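Two complexes are shown next, each including chain A; its partner changes from chain B in the first to chain C in the second.
On to the complex of A and B.
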């Protein structure tokens, strides 16, 4: 019996305690209500300007300090943007730098996440190639950028990371950038005999390869 | 049907034959297992138990164009796929029908681009167009019923020229 009664007693004690608290609170509220209302205008809080994120040059990035000295020569700049590391490299030193990024035991960038490109039409070095690398060891993602002119051939990194095979084929397919040392450089998304490179800025977005259409599709004359 | 088709004026024989054949054809459509984009997800939902396309006799999706008489173009048709669609359509035995499901296959949808065919009717004849992005399963079922109405009007009699 005593076991059953004990919790009841406790709960009753809690209830009474709760009641007294409520009473005290209501008393406080009444006291507050008796005070005359403040009629002063609310003072506006000073607006804190949000810092606009921007590219900042960095000298002491831990990743790029560990690079081999021979390779580090080709690094043009290291930047930070919202905790993302961006490294711009000259095209000549790209391949050696990529090898070091993977094989350097302190870095170990063993995963090539993506290869893509940008078209700065009108610039002397028209294309910008972007490589996203991830290191499972450091848990870090870095971005390697390099510029290439329209007639320049970019060294393929497919011998460093296998996944570059298809990623570089995609860049070749849509931008027409050629990669030297690629095992199988042909179109991957568009038909093999397509003319033109659709992601170039001088390619009309609606332009369809009429020569390809006329040779592959039987376009019906829609009945009037 | 080739022997007696388009030979006689409309009479009691043609109408009787028509009603039998049309009833058989519209009640037992065999769609092809063919999906291209998000519309295909709605098409799968239509085939599954909740909406149950089998109620209309069109529930079994055949894995080969040679065993099907209906192709539902469910999704964006790229130029590269248009070539394949044309070949698949040619491989289907007559009589055959086409449902264009959704905005993309009917008119290109939002993809007015270098790679997208602006309407599948540029490469194959379409019987029923279903609007929507994607159309709900009810819309596909309604489109199927409209196709059945269309099949019901087929005739072996001489057509007015």
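On to the complex of A and C.
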């Protein structure tokens, strides 16, 4: 019985998570506020004026104008959000674009900062691959995004930047996205014989590979 | 078939670690040895995987903060700082000047504490016991400062959205000044023990050499990258949180070996000290916490917040779908990427040097495995 009750309590705790924030915030606000609260009342007016950040299309970004014409075809859009450049490209042209970004003498994006993925469950092209690139020459940080369906294989960029080796292994491990041309595509954080991809949105936070746990840790299956 | 003789050699596979699940850092390195020489190394990681990124998708923006303390627990202050900078940017929250300066001061203290722990353990790995005790003496002073301001020594939950939890306690500024006045002399003491020590030089010079170009290709950052002479520090390249108001130098190495990385971290401690001195001398008055909504609900969008952590470029890629919980929080761990280069660095070295090279990368497995 006690086992069945526990998960319920957990989910309740999650639901009320937002409410506990309120208490914490208000308590500190009271402590820190020296002025009487009446004075703070006119504050809502500037709040309305506060600009909500949005994606803006950019046509004249010098980085993407210097791209080789052949690879520039695969650029779907160039946007800006909070002063960070985001370039969306088609999956077919991804590899050639990445090669050009690094080898183009005007751009020289030789530092791959990060590779990760997003899971838009329910979309036709379910996954979004996100690459953060930095150019020491230009001092610019840009983000390349591309969408891939669940059964699509993404070209590995590990032959362009060595960093991508483990980063792509991590994406494969936690999202189950396959990379073609990767030298050593194995799981990295989870055990090799684990089933399931935890960072997918349809993988519940309490879900575990029960078969793996019972065979390796000798723990009996717990009711979820 | 030829008969094997005693003179034949063959590649031997040896496991290094993990010693015990409760040790600080559970890493397994599969070494391929030809006699004493390392032919290849394969790292097995993930023993400390707790799924922090998954957990943060199921918590509100504020509830996630304590988890980032526990990724890189040696640099808990930096970790929370990087995340909060991202959230504040997405929400358009202004942080009061006093809070911004105190944040920088505490982050620099954390950098010193982290480098001290690195120096202590790195030296003890190589066989210099005394340095360990010296470093922990000073680290203790910093942890006491943390405790008086944050209420905790290690997992500090240092900052809050829009500022700090509370203002500096009484006597804090004096304690900082005392530390700053004393610390440069203490760094001299470490240097007396190590910098010209023949054993230290023999164990570190020419070990784990990597050129600047290669370091960039491997995506290295922080002291490991600067040891190879690449001038890149996020605090200078893309200043955040008010770092542009302070003067400090970015030390660079020449040879890209273990010794250069040691020299750089020593010099970074002095530079951090310089920043703290400037903060404490010009600390403005005012509130330490700005206005922030009670529930954080950033507009649909994304932000990649990067800071210079003690171990390198620490990034938080936060994606919002407009709800109270982040759609995704991706942590870009600097040491995950440094550890990847271990395979390249140890090749051709003796087995005993593997310890020195793992030490020089300054890894924290809690962050690598997340």
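Points worth noting:
We adopt the following convention: the second predicted complex is superposed on the first by the 171 of 224 C-alpha atoms of A that agree within 3 Å, B and C clash if a C-alpha of one lies under 4 Å from a C-alpha of the other, contacts with A are read in each partner's own complex, and residues count from 1 in each chain.
We take it that contacts are C-beta pairs under 8 Å (C-beta built on N, C-alpha and C of every residue); 3 or more make two chains touch, one makes a residue touch a chain.
These numbers were taken from a predicted model, which means no experiment stands behind them.
Contacts of A:188 after superposition: chain C is touched, whereas chain B is not reached.
In the superposition on chain A, A:198 makes contact with both chain B and chain C.
Once chain A of one complex is fitted onto chain A of the other, the partner contacts of A:208 are limited to chain B, with no touch recorded for chain C.
Of the two partner chains placed around the shared chain by superposition, chain C is the only one that A:52 touches, whereas chain B remains out of contact. In the superposed model, A:110 lies in contact with chain C only, and not with chain B. In the superposed model, A:216 lies in contact with chain B only, and not with chain C.
Counting the residues of chain A touched by each of chain B and chain C gives the higher count for C. By the touch criterion defined above, A:76 lies against neither chain B nor chain C after alignment on the C-alpha atoms of chain A. In the superposed model, A:149 makes contact with neither chain B nor chain C. The intersection of chain A residues touching chain B with those touching chain C, taken from the two complexes, comprises 190-191, 198, 203, 205.
Residues of chain B that touch chain A in their complex: 79-80, 82-83, 86, 112-115, 121-125.
Across the interface of their complex, chain A is touched by residues 45-46, 49, 51, 53-55, 57-60, 62-63, 89-90, 92, 160, 165-166, 216-219, 230, 232, 237-238, 287-289, 291-292, 294-296, 299, 301-304, 306, 313, 315, 317, 319, 324, 327-328, 330, 332, 336-337, 340-341, 344, 369-370 of chain C. Those residues of chain A whose C-beta lies close enough to touch chain B in the complex are 190-191, 198, 203-209, 212-213, 216-220, 222. The residues of chain A lying in touch with chain C in their complex are 14, 17-18, 20-22, 24-26, 28-29, 31-32, 34, 43, 50-55, 81-82, 84, 86, 110-114, 116, 118, 130, 132, 136, 139, 141, 143, 161-163, 165-167, 170, 174, 188-191, 198-199, 203, 205.
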